[in-house]
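First up is the structure itself, then whatever we jot down about it.
For reference, chains read A, B, C and D in written order, and residue numbers begin at 1 within each chain.
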Amino acid sequence: MTDFKYSFIAGTLSQLGDRYLRTGYKERQYGICEIAKKMSEYNLVDGIELHYRGNETETEISELKEILEQNSLHVSCVNTWLYGQIKWSNGSFTSRDQKTNQEARKHTMDAIDYARKLNAECVGLWLGQDGHDYAFQADYSLQWKQMLEAMRFIADEASDIKIALEPKKCEPRNHLVLDTTYTALLMCLEADRNNLGLTLDLGHALYAGEAMGKSITLCDHYNRLFNIHINDNRRNWDDDMIFGSIHLMEHLEAVYLLKKLKYKDYVSVDIFPYRENQFEAVAESIQYFKVFNDIIDLIGMQKIAEIIASGNPIEFMKLLREHVFDKGK
Amino acid sequence: MTDFKYSFIAGTLSQLGDRYLRTGYKERQYGICEIAKKMSEYNLVDGIELHYRGNETETEISELKEILEQNSLHVSCVNTWLYGQIKWSNGSFTSRDQKTNQEARKHTMDAIDYARKLNAECVGLWLGQDGHDYAFQADYSLQWKQMLEAMRFIADEASDIKIALEPKKCEPRNHLVLDTTYTALLMCLEADRNNLGLTLDLGHALYAGEAMGKSITLCDHYNRLFNIHINDNRRNWDDDMIFGSIHLMEHLEAVYLLKKLKYKDYVSVDIFPYRENQFEAVAESIQYFKVFNDIIDLIGMQKIAEIIASGNPIEFMKLLREHVFDKGK
Amino acid sequence: MTDFKYSFIAGTLSQLGDRYLRTGYKERQYGICEIAKKMSEYNLVDGIELHYRGNETETEISELKEILEQNSLHVSCVNTWLYGQIKWSNGSFTSRDQKTNQEARKHTMDAIDYARKLNAECVGLWLGQDGHDYAFQADYSLQWKQMLEAMRFIADEASDIKIALEPKKCEPRNHLVLDTTYTALLMCLEADRNNLGLTLDLGHALYAGEAMGKSITLCDHYNRLFNIHINDNRRNWDDDMIFGSIHLMEHLEAVYLLKKLKYKDYVSVDIFPYRENQFEAVAESIQYFKVFNDIIDLIGMQKIAEIIASGNPIEFMKLLREHVFDKGK
Amino acid sequence: MTDFKYSFIAGTLSQLGDRYLRTGYKERQYGICEIAKKMSEYNLVDGIELHYRGNETETEISELKEILEQNSLHVSCVNTWLYGQIKWSNGSFTSRDQKTNQEARKHTMDAIDYARKLNAECVGLWLGQDGHDYAFQADYSLQWKQMLEAMRFIADEASDIKIALEPKKCEPRNHLVLDTTYTALLMCLEADRNNLGLTLDLGHALYAGEAMGKSITLCDHYNRLFNIHINDNRRNWDDDMIFGSIHLMEHLEAVYLLKKLKYKDYVSVDIFPYRENQFEAVAESIQYFKVFNDIIDLIGMQKIAEIIASGNPIEFMKLLREHVFDKGK
């Protein structure tokens, strides 16, 4: 029985606000070192996924490295923060302002350095401000070319690091340049750099109307599956809920496919637990992923392959019921 | 441990087509008596939900009654067919043609007679052609008044029968008059007849963006919960899939609430198994409902009430994992 | 040719942030008096819609009154702020904490006093934190009863003021108690107070999958249409975009119906212009509403009534093309 | 002032049914020659888009050719019918049954011959049964490879014909292999055949959550834009409504982009006018496209390019209002 390497996005365990309550939902705001320590106590995580904000001091980095070593946490991925400041509000790499484009590249190269210092193998690019809101606002052709050129530049400059694009349909812009898994794969194929791939956020795939299982499969088909984010939602928005809190069957299938495709990188929890105990929420997400993993093993990879070959999904439902749910009796 | 009474819509086990394959997906088309017999063999159903088409002969009715008795099946509900013929294509009760309105009332009264003959206590009205497709097409005020008047007429004429309105957001019309549970409840409150209530199709609630649990609760709050339809979907359309094939938590909550509210009427499978073995698909839907029922008992009604009172949904996820999923280990 | 009274929500012209850029998208943050003055210069607005935060000093109120008088602005509505502070994060009137319930009532009564001081006839209740996020979290029955009781209390205490409930499907909670127009109407019917009605946000109706025209019609049918919010969206989220930036026909129909039903209250712009010039965005929203009003007059109320009676929506498209679009030739 | 070449899908003007009214909504069913003649009388169409069913006799083909010549109609595209018979119900090219795969290829090659006889330059492949409904039903990897191999085979066998894949998110299967524009482009890039491209159905793009303008732009970017289908919908389903009956701005932008990119192929109406006069509905769709074309010319290509370069969408709304809507005054 194989298990996965688990990680979690640390930043969203600190403070969370939204457009109606911008000052935040948490009474107490944890620092990144505290978060690493507290989350480690659950004995569930192997890694931590960080954001590079640009104001990290060497002292802070040293302290963080020490804490991570003490808790045996690898940095699974370093994300850029090309959306969290007003200067990016009309785009980073696809801003019409060339100075902003250059600044975005600079920030990314700095994030890559930060990743190197922390021995991370992956840098994540979720570009939430690169897109448009209204018709007659964006030059789609120009945006695509700007993005393509920037990705090639970054991939070439950091050939020792995996660059993981994280597509998302919308939010905060009403439409993002890299909206679906398939759009991001197109970008990768056209950019034609081996170290350029994807962070596949299962929730993003779900609410974009993708078939999660197919998205996983095609990322793997093109050797571009660098990172997995897990969470759950109600299929019309990126709710970033606890993994397993809404869906069952498609999540089980996703776990089956990651096992089948021998996915070796991290499974990282990406949730926004506004009103929940954030540590419990991350822990439960991983527990559900692990228990889904157990269920796949229990039913059996070979048996599932046979069911899929038969094309009769009722067989899986029956086996799941008999092996798992009927135990409840 | 209490269980529910189960039924199923018989008509959709016969033949199924869609706008692209109108001639139907089934090689062999079963008659209603065959369907009753075959479904009975699973020992899962207590009732059968029928459609009244208007061409049923006395001989056919007698034969059907005999078969139902032999198989101990009650008729849980008789549905009208006010959508399946070209004459209803611009509405039944809300058609602008008064002759059509009268014909719709006549058809409904005939369906009620048919229900009486079959000892059904409930007649279902799903009015899929009453609505509109485009802006500047419907007089919403007139439609509401026509519907209201018709409902009062029918409820008064058949005071011995429960009349169950089944709301649905859209399809086949782009928008239906009775689109949500709350719209149908408004109609019931304004009509002010005790025998006028709802068939709550859990899939309709789900894809209309309702909180299923709240829809159940408010139907009960107004004493209008006459019939439950179960199925599953991907939340953007009435996919009529096998119950439990997509969602878990909200379905568990729905089962919990039906138990808590001591729902005594039928839980009826309403699916469109185009490419599946239709009998297996219905059986598995009921098996999932039953096993969800078991799970609620296993965790315990009192315990769940406490979790809800605490407002911490992670507790439920934990208990479900420990009581059910971990058994898979 | 009749026109409407126009207003706008002032608060969202000040600063706007979201979960990714909480510090805000605006370089310069305007005060409420500045906003009133700047917006008045467009000669488009008759009123202003305010939020009561609870920290307004008498001096500030006096200054605001003076500015409003100088600019001939009426206060069309005062909204409560029962979502913008951490204390409301698990609900206001439906919080499980009784102290919070009482505080919500107190805040609302204070908002009503503030409304009286500013001669507003309407107080708006959008209760964005009253709802739930997960299954097994909310007691839907209790929430409904708590809400009902609070609404009766407030309506009774402020019989000189119109209390306008503003339903919305979700956000910030994943599901709100008052989710649809029809749910809010149910609440009004059960509460049975004449001064309890609705703010109908056309965008909320649109993204909840309602037929806007029917929502307007049924609010009017029950004499509950107290306030209209206008904006636009892509039908899956409350994008709060400039009115008219996405949809045409249904908005034209909405304007037609408001004219037909002789709606006399305010049409108030409720948008979140994150990256746009906020004053221009409000002005253009009103300009589009006005020009849609002109178009309805141009085609003619009587003519439109005839088209609707005929049930042929192509006729309206033709007339619109001939009277308006062909002028472009 | 340039105009486009217009066409229409003839098949859906004959008879239309759905899962509830399979026998059809039309009292009178027109033959294909009648449809060609009647639609020609509007003087709006340059082409006709046909479906190849497989039972067309040489006599029928001759008669059709004659009618088309008499009415100066070119065949803009011939579509296969790999969804309308029970044998395709579990897929055509991606069926697990190899005989079915071969039959699908044979049907397509026959359709290509039919296209050659009718001097059509384009054959359309909309593969509505190739996909899946449930989790644990499809081997996504195998489906992709089967599709890829079939596309290469067909493209190679018919190097004189453009093969246009028409992606669609779902229906009749709950998920299709070629679900989005970007998925279909991936298939084209991997297949690497110049005569393999797309039919971009603007409604499919819209309800899949794509930005239509970006979809057009990227199809053009890869030289894969072979055919355009127009219609409208409410963004959650392929409603196939009259073009322009819901949306304005994004459609105007689509027309602008097709002009800018010098699109030379057909703009073809693809609607399902169940309850409308089907000829009027097609004519009005084209009239709206033409009038949107006029509006773009009126505002001016250069001016629009400047607005897009400025990134301020309010400017377009203002110009549209001043040039078009204010004429209504």
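By our rule, a contact is a pair of C-beta atoms (placed from the backbone, for glycine too) under 8 Å apart; a residue touches a chain by one contact, two chains touch by 3 or more.
Note that the structure is a prediction, hence the values are computed from the model and not measured.
K.L.:
Please name the chain that ends up farthest from chain B once chain centres are defined by their CA atoms averaged.
P.N.:
A
K.L.:
Measuring centre to centre with CA averages, how many angstrom lie between chain B and chain D?
P.N.:
36
K.L.:
Would you mind pulling out the distance in Å between where the CA atoms of chain C average out and where those of chain D do?
P.N.:
39
K.L.:
By residue number and range, which residues of chain D touch two or more other chains?
P.N.:
As it turns out, chain D has residues touching two or more other chains at 90, 133-135, 170, 209, 234, 236, 242, 245, 249-250, 312-313.
K.L.:
What pattern do the touching chains form: line, ring, star, complete or other?
P.N.:
Per interface graph, the chains form a complete graph.
K.L.:
Please output the residues of chain C touching chain D within their complex, sorted ascending.
P.N.:
For this pair, the touching residues of chain C are 209, 234-236, 242, 244-250, 276-277, 280-281, 284, 287-288, 291-292, 294-295, 298, 312-314, 317-318, 321, 323-329.
K.L.:
Name, in rising order, each residue of chain A that touches chain D in their complex.
P.N.:
Residues 90, 96, 132-141, 144, 169-170, 175, 177, 179-180, 182-183, 185-186, 189-190, 208-211, 213-214, 217-218, 221, 249-250, 252-253, 256-257, 304, 307-309, 311-313, 315-316.
K.L.:
Which bits of chain A are touching chain C when the two form their complex?
P.N.:
Going through chain A, the ones touching chain C are 16-25, 27, 83-86, 89-90, 128, 133-135, 170-172, 174, 234, 236-237, 239, 241-242, 245, 272, 274-275.
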